[in-house]
């Protein structure tokens, strides 16, 4: 499971691009495939986007060329393929009122329908991103102010979106009425910043003010900050609970709560629900560390560093020809024999997606001499795909959609396997009724308009009605 | 003066992308800033575009990923700037009938008007290329076949275009009714090829069949080749005479004539009009070599290699701090003292644009010991900018728009300077009435809809009416 | 403080270069500036070396070109400068008996003397590495076997060395009689491996056999493995205790002990010696994690994740112009406010070198709301530079050589600061008398032949006697 | 046939590295595989070397780091292979009197013997270049001044060398007593320059003074310029006549003669010896242009541009899978049909080595419609390999060593083939007795000490006597 994006925007800084660079650096965990910044100096927009990590994408010269006091930025985990460059963000286009750029975190569930309708109406699309759909809707709006045009467009889309627009000398931020993805507001002197997580404020020394509310639009301009309620919040919000389980950085505040605190509770709750008769607790680093600490605390078992993560692992790893060993897992995780040998071990992970990596990891831990392996997962079994901005495998690839917990336990080869219950999970957050738990229970808060595959727009073939012929069987 | 583009398309080859690569290699002189290929395998399109020369843009792996039996390609001389990547071609988009890609050589004179109208109507533009305008027009057409849609679109545009579209499993080629830019048809077995110049056929061993006629559309598909006359040819064509003077490769056939033959005639005619009392004839290599040979032949003076061009010169050249010397010209041209010393020299160049390089060159030739320098130019004085696909400086930068021939002679510091006359120029081609000589006489065959600067679409500011505020003073 | 090298050698593997690549991957922490592999196929040697991380230096194609069943490899932390490429290892030369390559971890203290003597005798040096001195000594030896020649050479050098030679179809490993740096022997089927740390065996599935003994030479060849005692072990060994404090990977076995176990003891001992009246224990990740766990265990205080390390930080970081904030530390460490706020915190670090980073870190922790900061260091104050293979700053840059503990406490701005005592440190290892603790007590087990600066060989100037004029004042 | 090197040195320029860069740029034709500059600022030497063309190897930042008022540079055509980087020049080492760097054009014929002897004596070699042998000899010399040490070393080597040393604050240039390779002296104000060809003076505006004489050493230092006759010139010199035929730039003066003038004579002489009953004369561009002009002049036949060279051809060219066509030649040369069709053509080339490229070219010319092809070669048949600094194929690959002229004529498929006679060739230069014509007559002015193959030092195997076992059969 991979988060698909991070957004960052800043209005009124002498070093807007530089600050955006720092913010994107701190939000790197939300997207590592590409990064981009668009800045504005009152006259012109400046654009730089490229594939790769923030530390590679930008140089001193490039930041200097991104002039101006306003900037928005984006990190992306994009789909692979030969045409990926066109899918980097922020996405900048020209329309009747001038230039407009968008940075998007989330996923629209009616993008195919809207796009097909606009294509039928004569529009052309350059990318396969639903952010482009948004720009079309705005450009087509007949409203007389940019704020109204954006509201007009947002009124037509369904799904998850935490958005930043840069246009008309303004940054316009908006969050969907369900509040799927986080978006928060910060301040540094007179400068306002909007970012996916509060850790982006910390790096530049800005203070966290509050969340952008579901259904709220915030406009940053020379006139200061303005808040517009463009839609009523959903009766029950759909905040992504996975932000606490895995995605967000532990030092961030998202949805108004400290990630670290919630993650700690997950571990404690897990220990309460599923204690283990074991000697030590270890985590699958780094994401599960806090959950493991919580488990150790509640269970009274000692927390140990039984797996060390190799942080020098690059993008490419050259596999030996003899493929029988699990090189990819071995290069990434180093089991500490001195810690593991002869011990009954509780292994804590945040979640299990396909199960294949965990299976290899269990083998490694056993080879290092573990007497027993008791696996405890800090979230319930993932049985359904996400349509709201997370890159989940198709349902058939999710191990928990095909196997029972006992079958998974057997497949992984562990002495015991237990997941945190949905009930337990929700008890760890302040307002349990306002979270999306679709991936655990299959209840989708907003329906999609058809079961399209991820690469629907990469196909060239359409049927007679102009609709794309490629469609997954329901 | 720089040609802005080369196009190449091939239908029905086992190695379509590879053949396109070879074709683009041979058309490198028409555009060196970026190159791109889009291929089609009956199901999907594959895209690769990048900044740089053909020899750098493609690799064996990249060509292998460009699968299929159909491909179009493009070389571009693009404008500089931070956003240049979006302006590479072929330009591929998605619209109501699926994917469509375009490769364009030429320039539309009503692109701003069309674009503004479509923007007003809600369209968004990603690039600043007028090729994108064409795709919008096609996507908006209500016609029921792709051929009719393209014709519908072409009916709305004015200007110069030699176009290749790849869509619906077809390559559609079209040339404007004035025939500004060349486009020709070739054949290799059952495979048809369309390219800017015939040299692209030679490299892959294909035979030259004929020009694509002004106002003609050619459709290549599984059904073979089909010709459609989508518009009447202009009464008087506007074929670009500069293709013979400078742009095209001497081994090419363009507009049905051998470039080399015409270029030779230019030299002979120049000698007839403006003989020189001199010892030897030298050319500014390589483009003026053939003209110089013609001059030498007609004048009876010996042709010598007085300037050697350094072909190892790369894109970047590190200037010494002491800037008084003309390093850029010196690194590029090596005067052969043994040839030049003590001689009265006729120097042949194809044209003079700003005059600054020629001035430095004359200094070099004098330093090498030339007794006299008689400059003869194989074309008339360039006094007007081109709007039909050539990157000309603005009028005020053209030396001949500001100075008389005698003033230029003095500025360059030569004993004598003579240009070929317009009359003489036209006598060198078969159908003199059908050529565009705008750059020499200022008579524009098709008017532009406003005097927009080159970077009109890079500006962010529009006036209240939604029109771009930036406009050059007429 | 930076370790200067890692070595890896394998004899008799079908994929010798590939295995070496994996070994070097796992030893990346010992040197990140350059990496190299030299392989041998029974006829020829193949070489690849480059600046950068293992994940960047090698590609699939490069590994394929490194043919053969024998290979040695090296990671290096090299000095900077324009000529650094010549200082990559393994270093391969040609001499009277053919080709010989060396990979070296350590530092010779009489290299300048030996080199000067050989230069006087007519030798030339290409690099500034003392490994080159070794090769000269071997090439000059009049012995009649390669083993004896190496022994002859080793008899002349003083200092720290864990060496691998590849020559004459053999790998020859040797460790100095003091045993400064680790070197161990592993086995995978019939294949022997020698590496700096045992973690390199784990990654390829090899078993740890034993340490290469101080004064021992091991020869790997087609005839199997042979051990030669080339020198008596020192009466008291000088094993580098910093391998346990910081350098080695926690999952490695070095000097026959599990790094993790010793590191844990450091933490417990530190808690015994210097308990703190505090609420929580945090570590400066990742190197101090195990020490912190030990401290937490012994003190009964909870271990918390109060600082998160950003593992996406690249080599280059673009500093904002407003330099007042400690950007470099902020981009690397994220304090978790939820954990730190209002707490009295024990911060555990392995050591303090200059103190400047720790000072910034304390500021960060305070800004995050810490009520009190009690700093506990898992080793004694570093007061002296290392000459045995560790890149230490000059003495004057070591904060503990200039300031008392109380002064450092004040400089860092912490409520309390305590270091582990030398006595306590030595109680954590099995054979305390056999460790080098020079950096803590200034007692050098082997004297240097002059106080040369690090870049002594980069200077061009020599005095009349042929000796280099540049010499640090004692 | 490829020249192996260019050298350039400058003493006393504010921008020494920059001037060297310009000089190397103009000498690029003598070596395109790697380039390097070493500069000196009175205290330190600075080094930069890399594989690739001058335009790629250097950047503005790199030139800035090459500080100082003294610099030497080198372009190299090196042998291929994985270890090529060690063979770049200038080669910089450290020895008893400090640092010394060498740049070498030529080839020593007793390098193997000298190297073997020194290896036996305990020396080690890092590269496979015979320049390294020279540095060893200098470092071993017991003389008391650097000049004498260099003379001592030169006294021991045999073969071709035009050398530049940078050491002891001096540039020392030397040319072998036979004068195989060119080396000349120039001046710009008070600054002296030494370079392989005079074209390197022209680019920086320096004046050509004279040749460095065979057996002469020139020393440039703060004391000015000093000439030392270190050896008597050979009774008959062995100046490489191929410098006139092919290697040197036409605008250069080498061996005191204008290259262009000699090359012109070759063409005239060729026409006298072997006239052709034909319509036009064309050259294989660019190297044969001047010869062709000479032929045209003397024969009265018109010179035409029948082949256009594609100067955009990069290092790598992706071959189509259908290999039946001669893609490599086709991408490089464009036959101009308009010129060639129906004509009886004299094709002029400077020389024939293997004959394979010429054979493909003849096919191309015929396909373009040539009625007859009469091939005239501006030099005699090459029957022997060069040991004096030119990369010639082994004798068995030279077509003229295996086939008679009539057989070659048949193999190439031309109506007639004639070579310039040795006698005719020598009549084109001023002092015909002082040229090396070994490649045409097999008389070697200096014998080699054994028939070693080019990659003798790449082999790992030596026989018992310490001599390399690999030796070509005589």
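Annotations
Note that the chains are named A, B, C and D in the order they appear, and that numbering of residues resets to 1 at the start of each chain.
Just so it is clear, a contact is a pair of C-beta atoms (placed from the backbone, for glycine too) under 8 Å apart; a residue touches a chain by one contact, two chains touch by 3 or more.
As the structure is a prediction and not an experimental result, all values here were calculated from the model.
Here the chain-to-chain distance from subunit B to subunit C, counted in touching steps, is 2. Placing every chain at the mean of its C-alpha atoms, the farthest one from subunit D is found to be A.
With centres taken as mean Cα positions, subunit D sits 38 Å from subunit B.
With each centre defined as the average position of its C-alpha atoms, the distance from subunit C to subunit D rounds to 47 Å. Computed centre separation for the pair subunit A/subunit D is 60 angstrom, with centres defined by C-alpha atoms. For subunit D, no residue reaches two or more other chains under the stated contact definition. Taken as a contact graph, the chains are arranged in a single closed ring, with each chain touching exactly two others. In summary, the structure contains touching chain pairs A-B, A-C, B-D, C-D.
Of all the residues in subunit C, the ones that touch subunit A in their complex are 14-15, 18-19, 21-22, 25-26, 28-29, 32, 53-56, 58-60, 63, 199, 202-203, 205, 249-251, 258-261, 286, 289-290, 293, 297, 302-305, 308, 310-318, 320-322, 325, 327, 330-331, 334-339. Here subunit D touches subunit C in the complex through residues 40, 43-48, 65, 82-83, 85, 92-100, 116, 119-126, 128, 132, 135-136, 139-141, 457-462, 466, going by the rule given at the top.
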